[in-house]
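Multiple structures are listed underneath, in structure tokens.
Shared between the two complexes below is subunit A, which pairs with subunit B and subunit C, respectively.
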Partner chain A sequence: MNKDDYQKLVKKYEPKENKLENTIYAFLIGGLVGFIAEGLNVLLMNFFNLSRILASAWTCLIIILTASLFTAFGFFDNWMSKAKAGLLIPTTGFAHSVSSSALDYKKEGLITGLGSNFFKLAGSVILYGILSAFILVIVRVIIGV
Partner chain B sequence: MSSKKFNNVFIKDNFSIVGPLEKNGLLKAYDLAMDNYYYGEKTFEQAEIKMQKIVLDNLLSKNKLSENKVDLLIGGDLINQISISNYNASKFRIPYLGVYSACATYVESLIIASSLISGKLAKNIITITSSHNLNAERQFRYPVEYGAIKKHTSTFTSTAATATLITSENTNIKIESATVGKPIDMGINDANNMGAIMAPAAAETLNTHLLEMKRSINYYDLIITGDLGKVGKEIFLELLSKEYNINLKKYMDAGCEIYTNSQETYAGASGPVALPLVLFDKILCCKKYKKILVIATGSLQSVQLANQKLGIPGIAHAISLEVL
Partner chain C sequence: MTFIWAFLIAGTFCAIGQIILDNTKLTPGHITSLFTVIGSILAFFGIYEKLINLGGGGASSIISNFGYLLYIGALEGYEKLGILGIFSGMLTKASVAIIGSIVFASIVALIFKPKD
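Up next, the complex of A and B:
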């Protein structure tokens, strides 16, 4: 059997992911995270008299802290493997990726372990996040919005 | 020729320890079980070294063997530079060979042990292997706390260690012959579908074994493969009937015999220890089968080379056992 035929055979036995179910799940859970964050935002604006921009920054920090703590307490990884993109795409996913690397490598030393593996998963997010922001800014300057 | 017959090689005893998930799985005849993944150690790697030490200590004491009565220790595992086996071996005064064939490591070590005993170069050899789910996750995939999303084709590395005593003394389990497999790369690059990587190698090794030993498939009461899993098993069966015209009926895959359906292990168990666990705790202890062909399968992957988009080679080694 040649390689192409074999790849067709393998494809035949690959169980299909239910994309619709995954999408609905991610939409609902991701939406719930957004809903909680917005509620927090409104609370901060009203109780602490913060501007919307300042309140958003605080909300972001609180969500990151909560997700990291949940990772440290050891149940966020289970949540994430079930909720999939619903928790992976919001800031919660970023916070979780950093804190899980930190937890996992801390026993290999602060420099050789934790330090060098801290951004193991999140490094790409930062790099390509900055790069795409940079490109978008250039586009914005060119079209003069 | 890749197949060899052995004279006077027997399996005397085996000792196993299983992890917390395996303890609640389908197998119940294990010797010891761990309640958590740390097993009283600081890290998972150190826990796996301790698991190997425990099974080796117990196997020696159960058979009243002193270290100097053992001619050779042959071992391997999944972690970089087979470090678990190396570090464990340094705790004993036994000559040691480290071997690696990924999940086919156990049968590779049995073949080396049998060759040496059959050639009268050794009397007692212990083979040892282990895997630890969280170590394998760190080694090949993501940090363990990350809980990365899995595909349905991916297998779950079992947590366990086993040590087996091979000897020239007569016992009721004879190692009769073996076939050393050839690595096969069919261009599959997906490390989350190891069944598809290993199935062609398993089919090729089975066919070679039958041809070279001049046997029909009905000669064996049972054919057991290592860790093809639910997906790889189907590919293996179709490949055998299409390419080699072999219709396999008396067949089992060790990867499908360890966890219950509710344990969320995707396509089943994998790891070098999956096969010996099922072999000793399910097949050999029930004495239902007389002639057994054991085909261990391994996916010889490297994270770096898989990222460079190279196909992953699969390997399969077979060993024939007779229960007397």
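Up next, the complex of A and C:
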């Protein structure tokens, strides 16, 4: 069998991902997360008389706690692979990456394992978030709005 | 009405992320970093604040909110302390997400064993 035939064969048996279906899933699940977050916001604002800013900070904490716990229980990885971007783009994705690397590298020691791999995935979010915000604030200061 | 907007805004961001994920070679790590940067760019143009007023939890529960909080914190720091404020104020608002994930992930790593 030559190379071209082999490539054709590989293509034939490659699992086909339905892109439209993926996008709809991501939209629905991501939307649901946003919906639940807004529900928590409204609950916190009404029951504890919090301002919207404080309520959304609490909601952020609750979402991170839930995602960390679900990761530890082991079923969040499954959900992530089904929902894909639906759970990746919300703060759940950030919390999941931190807690899953913390869990996975624990056995390699506290410093060389857990410590140095803690922000393996989330580190780039923090780094590029800070860099872009820094540059944009400098730009804003220079144009002086 | 905020509930519908929350659903639509969070859903749209996730759908865009999924489209990028499916049609390019970018990994989930690229996507989350990209959306954080998009968040601070939207904050720069004043769009993200409108999204939060419109969709509340929908806009503040996605990772782009992290970029928005970094930008807003740095800007408020600049208004108070000048250039030093950009450095000292950057993390004031975004601190909740970072410290929250550090503390909860550590607790979880202490208590639970990894599932394989």
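Criterion: the second predicted complex is superposed on the first by the 120 of 145 C-alpha atoms of A that agree within 3 Å, B and C clash if a C-alpha of one lies under 4 Å from a C-alpha of the other, contacts with A are read in each partner's own complex, and residues count from 1 in each chain.
FYI, a residue touches a chain if its C-beta (ideal position, glycine included) is under 8 Å from a C-beta of that chain, and two chains touch if they have at least 3 such contacts.
For clarity, every value in this text was computed on a predicted model and none was experimentally measured.
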| item | value |
| --- | --- |
| First, second, both or neither for A:Lys3, with subunit B first and subunit C second | first |
| Which superposed partner A:Leu103 touches (first subunit B, second subunit C, both, neither) | both |
| Partner chain(s) touched by A:Tyr13 [first = subunit B, second = subunit C, both, neither] | first |
| Partner chain(s) touched by A:Val125 [first = subunit B, second = subunit C, both, neither] | second |
| Residue contacts on subunit A - larger count, subunit B or subunit C | C |
| Touched partner set for A:Thr71, first subunit B, second subunit C, both or neither | both |
| Which superposed partner A:Lys84 touches (first subunit B, second subunit C, both, neither) | both |
| Shared contact residues on subunit A - subunit B and subunit C | 17, 71, 74, 77, 84, 88, 97, 99, 103-104, 107, 121 |
| List of subunit A residues in touch with subunit C within their complex | 17, 19, 22-42, 52, 56-57, 59-61, 63-65, 68-69, 71-74, 77, 84-86, 88-91, 93-95, 97-99, 102-104, 106-107, 114, 118, 121-122, 124-130, 132-134, 136-141 |
| Contact set on subunit C toward subunit A in their complex | 2-3, 6-15, 17-19, 21-23, 28-29, 31-33, 35-37, 39-41, 43-44, 52, 55-67, 70-71, 74-75, 78, 86, 90-91, 94, 96-98, 100-102, 104-109, 111-115 |
| Complex contacts: residues of subunit A adjacent to subunit B | 1, 3, 6-7, 9-10, 13-15, 17, 71, 74, 76-81, 84, 88, 96-97, 99-101, 103-105, 107, 117, 120-121 |
| Complex contacts: residues of subunit B adjacent to subunit A | 42-43, 138, 142-153, 186-188, 193, 196, 200, 231, 234-235, 238-239, 242-243, 311 |
